[in-house]
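Read through the structures below before going on.
The same chain A turns up in both complexes below, where it pairs with chain B and then with chain C.
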Partner chain A sequence: MNDYLIPVLLIVLAPVIGGLVYGFERIVKARMQRRIGPPLLQPFYDFLKLADKRQMMVHSTHAFLGIMHFVSLWFALAVLLLGGDLILVIFLHLLSTALLILAGYSTRSIFSHLGANRMAISVLAYEPVLIIIAVSIFMINGSFDTALVFAGNEPLLYKMPLAFIALLLVLPIKLKKSPFDVAEAHQEITGGVELEFSGLFFEAVYTAKWLDYIFCYTLVFLFAGSNILLGLGLMAFTFLYLNALDNSSARVNYKQMLRFSLGVAFTLAFINLIINSLL
Partner chain B sequence: MNFYLTGLYFLPLIVGGILLIAPAKISRPLVILSSLILSVLALLVFFSVSEPVYFSVPHYVSQLVAGADVLMLMYFLWVALQRKSLLVGILSVVQLAGLLYILKNLSGGETLQFMVDRLSTFMFLLINIISGIIAVFTLRYIDEEECSAFRKKFFMALLFWFIGAMNLVVSADNLEYFFLFFELTTLASFLFIGFRKDAVSVQNAITALWMNQLGGIAILAAIFFIMYNGYGEITFTNLLAHTGADGLLLPLALLSIAALIKGAQLPFSKWLLGAMVAPTPVSALLHSSTMVKIAPFIILRLSPAIKDTPVAMVIVGLTGFVFIASAISALSQDNFKRILAHSTIALLALMIMMGAIGTPVTIVAALVLVLFHGISKCMLFLNAGILERVFHLKQSSDMDRLSESGPFTALVMTIGFMSLLLPPFGAFIGKWLSIETLGALATEKKLLGALVLVAVAGGGAVLSLLYFKVMGLLINRTGEKDQLRFENTGPYYSATIYILLGLVLITVAGLPLLLTYYFAPVAAAVHGSPVPVLNEGWNLFIGTMRIPLLPMLIAFFLLPVTILLAMFIRFRHADRAKEYMCGEKINYSFSSFYFSTDRAIPYFSAAGILFFIALIAVALI
Partner chain C sequence: MNLAAYRKKSPWILHYNAGGCNGCDIEILACLSPKYDIERFGMINTGNPKQSDILLVTGPVTKRSRERLVEIYAQMPEPKVVISCGACASTGGVFRGMYNCEGGIDQFIPVDVYVCGCGTRPEQIIDGVVQALAILEKKTKALEEPVQLKRAAKQEEGQLNRRELADDIKPLLT
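This part shows the complex of A and B:
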């Protein structure tokens, strides 16, 4: 029973925790720029404000797909935290992203389309790395179950350091942080897929981003196995790294992004996989 | 029982003959009726055959077969002369010489030329039911084709002869017979691909011919080496009985090469891609129920003999590579049929790989993929035909208004893509079984296993993206057209689509039952030992593999149901907003992104050739 307590709590509270992470992130980012930044609970104030807005939508298909993106992402996160099959998790996560891409394609809005296209390319950029990490974990544990990873005594970090670096390199793509935030690119395509959502419907897409934080940091945590201190350390490091990077870099275009992630991150993870499978 | 089988072999031949001369009025009821009869016969045979049935034919039939072989090769030679194709000519001469040599040295003993086992009956079901549906669809399609009345009749006749040849291929035990039927399907596809008679069609038909002729030569070479090594009868049964014997690897490798060529694996994918120029029912036929499905059939037939051999390992490596390479090539395609073709090649690679690994679970996976891919691809290709004929669309980027002009077709195509991709559809189950069992391979052959795992998982991700890209075009609409009115495409088109839709939905709903009573017995017959399938609580066990059904069920409601619901759902209490256009008033046309993979294609082909050389090399060593 106790084994399930923490995962279930995490799953239920995931949007709240994700919101807090986002709020904290905004403060940290602001402090890096010598600003004070918004209060910690600002994301939740925004959330409440959005709920009060007049409900507008382009059409129901679009709005509904946005909501289901949130729901299916939550489900993927639940499978991950409950120790499910990592390949299944990655696949479910891919599909939940695909629902949002589909939402982007379903309207006749140029920015929405541009965003959806770029998002699909982003998926292409980070997905191979995630898959190689899953296969590497399989080569080490003999199973795709994340439950085994969480219980593992020796942290994965020591066996697949290159894969961890690769993960760090693709996380900005996943979380739409500079320099790899082409999918969102507010100044350029006004938010991409998000653009046509508003009010309650935007709420779903907005909070889905918070879930994505939890998803990504759980992936980072995987590298520490049962060593919770190390896990927290890795997460804190990743947090600082992501925000510092976001603050200090300019956006690259999607071709550069794809070239970098497939050329550098993928290669790193791949070398690690070969080492893992030869040992 | 023999009576049903006889029907499966002779009915298509006779019906084809009648169709060639009968007036159009008779041909319609005849086609519908005989498609029905063939389906029923296939079902009856499936239920009546549990143990392999062997039967021989009288001696004069053997001479007839030999005569037909020679005649066919003569025809190929004639084609070579007429089209001035040196390659086809040389290959035909080589084939002819090889065949004559084999015929001369063949021991005159009485052999059993035919064997029908569960794998054959499994193929019968796929071949006859799906091709029957395609035949009914073709009735209208070919009517709208611009060609002479006789060519139309010829097309229908050829279709039935093709079905007959396929039924024979999957029941031949004698390799010489197998060679004839194998080359008959080559001949049929050559005629089909060149049907439109324009320059491109003729060129592609020639390509298909010489590539498949190489497969025929591989079979002849296999026969030669079996005779040379003195293993006696040139039958599949005899081949499998000698599993593990010295020098047997080479004929097995050669037969696998024949399979890989039929299955359009790199570098031989060009013939299947070129087949797109033919009328669309041809593509449906080649991709779903006939022709390419010979590839997994041969590999499954041989799997007890080739599993765990170096040959199987090379095949696994090759198919893993083909899977990801063709998934990537598919991303660069705009032509709807070409997108489908690339994904066929990818999925075929997976089927062949699963057959080559040859554990009980992988055989189930291969069979699941063969069947579900057949149904889904047939549905998608027939829809491509409808798009072409009714909506005049060929490029996927032009389809962005389809959900307004043809919502039903858009809906069916969406379901088709989902059935190739999402849980709990069979194709997903097949892919998942593949990934999980590749793990078992990876614990033994570490590097190969890891690389193939990456290829399959990565290729799967790329294919998902591709399908979603096309689906995105299918649900694209403005907010102003909220009314859904299904279009009417006419009785022949809509009836066949409804039947296929029904098949897709029934097979999904009955998947646990199908696994237990349909796939498991066939897999047991292929593997030679029982394949236990258990349904316990919320888990389905195949051998030692566990499929959790609960996540599958939830995923079903989250993904396919969501996408379907999204097309129909209407929120009443939300106001409408126009799309944000920066204040511009321009009508945009929407397209999608492509990757140019042209530069990579030569490398892909080169890698494929290397794999084929490796295949021969490991068999020789």
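This part shows the complex of A and C:
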């Protein structure tokens, strides 16, 4: 009973915690630029304001796909936190991203199409690395179950440090942070796939972004196993690293992103896999 | 729960230059910089009409930009407010009466707040936005329409013809 209490609480409160993480991130980013920054609850103010806008819908499938993106992402997060199969989690996350890409293609707006194209490319950039990391975990534990990872006594970080570095290199692509934010590119294609969403339906996409934070930080936490203190340290380090990188780098184009992620991050993860399977 | 109270806590701004000299645009960007930091009021410069609350227009309306201005305005979901930023957007400014220029933006879309100056100062822009927020809080979700250019685009040879949208008001301009 007690084993499930914390994961279930985390799953139910995931949007709230994710919103707080996002609010805190905006403050940290502003302080890095010597600004004061918005209040901590700013994402929730945005949420309440968007609920009050007049409803505008491109077509019902588009709105439905946006909402399903949120639901399936929440489901993937639930499977991850309850100790399910890691490969299943990665593919469920891929499914939720695919729904958003479909939503992008379903409108007639060119920016939406461009965003969907770029999002598909960024999936191509980070997905192989994640799968190689999952296979490395299989090599060590003999199982894809994340429950075993959470219960493991020796943290995975010591067994596969290269995989952690590879994860750090692809996380900016997944969270759409500079320099790998071609999929969103706010000044260039004004948000890409989320361009045509408005009001309540944009809220689903906006909140899904908060869930993505929880998802990614849980992936980071996996590397600490049952060592909670190390896990919190890793999450704090990743948080600072992501924001510092986001503030200090300019956007690269999709070819450079693909070359970097498949050339450097994928190679690192693969070397790690070979070392793990040899030992 | 009174949702209208949260409108002024997260105003998202859409900035459109209808054909000015970029002076006011630079001042708007200065508002985002560390010295003025309008993000501390929750404002974001979104660039997406479907998700924004405040339309910040700079520059006089040119013959090229009038349909785009009206289209952007029509794409914003209510409640929304329009701020005309600078002398040119309010009256036409130094460009008034020129062959390529239609004058102020209030000929085409309803304007809620006029901000004076050439170019406007960041303090004035922030003051204008704060006044616009008071108006935004009182607005309803009823449909608001642009005042002119009501003629629909024509389907012509497989594509939309928007060239004659402004024909109704041409006599007024000459």
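Definition applied: the second predicted complex is superposed on the first by the 279 of 279 C-alpha atoms of A that agree within 3 Å, B and C clash if a C-alpha of one lies under 4 Å from a C-alpha of the other, contacts with A are read in each partner's own complex, and residues count from 1 in each chain.
As a working rule, a residue touches a chain if its C-beta (ideal position, glycine included) is under 8 Å from a C-beta of that chain, and two chains touch if they have at least 3 such contacts.
Since this is a predicted model, take the numbers as computed values, not measurements.
Asks: So, does A:Met139 touch the first partner chain B, the second partner chain C, both, or neither?
Replies: first
Asks: Let me test your reading of the model: by the given contact rule, A:Lys255 touches which partner, first (chain B), second (chain C), both or neither?
Replies: neither
Asks: Considering only touches as defined above, state whether A:Thr190 meets chain B (first), chain C (second), both or neither.
Replies: Touch partners of A:Thr190: chain B and chain C.
Asks: According to the contact criterion defined above, which of chain B and chain C contacts more residues of chain A?
Replies: Chain A has more residues touched by B than by the other partner.
Asks: Examine A:Arg31 and indicate which partner it touches, taking first as chain B and second as chain C; both and neither are also allowed.
Replies: neither
Asks: Just checking: does A:Lys53 make contact with chain B only, chain C only, both, or neither of them? Give me first, second, both or neither.
Replies: Only chain C; A:Lys53 stays clear of chain B.
Asks: Thinking of the overlay built on chain A, is A:Tyr45 touched by chain B (first), by chain C (second), by both, or by neither?
Replies: In the superposition, A:Tyr45 contacts chain C only.
Asks: Given the touch rule stated above, what does A:Leu124 touch, chain B (first), chain C (second), both, or neither?
Replies: first
Asks: On the A-aligned overlay, A:Phe202 touches which partner chain: chain B = first, chain C = second, or both, or neither?
Replies: Second partner only.
Asks: Where on chain A do the contacts from chain B and from chain C line up?
Replies: Shared contact residues on chain A (touching chain B in one complex, chain C in the other): 54-56, 190, 195-196, 198-199.
Asks: Give every residue of chain A touching chain B within the complex, in rising order.
Replies: Per the touch definition, chain A meets chain B at residues 54-61, 63-65, 68, 71-72, 75, 79, 84, 87-88, 90-92, 94-95, 98-99, 101-102, 104-113, 116-117, 120-121, 123-124, 127-128, 131-132, 134-136, 138-139, 142-144, 190, 195-196, 198-199, 201, 270, 273-274, 276-278.
Asks: Can you list the residues on chain B that touch chain A in the complex?
Replies: Counting only chain B, the residues touching chain A are 422, 432, 435-436, 439, 442-443, 446-447, 449-450, 453-454, 457-458, 460-462, 464-465, 468-469, 471-473, 475-479, 482, 551, 554-555, 558-559, 562-563, 565-567, 569-571, 573-581, 588, 590, 592-593.
Asks: What part of chain C is in contact with chain A in the complex they form?
Replies: 3-4, 6-7, 9-10, 12, 34, 37, 39-42, 46-48, 50-51, 53, 77-79, 141, 143
Asks: Considering the complex alone, what residue numbers of chain A touch chain C?
Replies: Interface residues on the chain A side: 26, 30, 33-39, 42, 45-46, 48-56, 186-187, 190-191, 195-199, 202.
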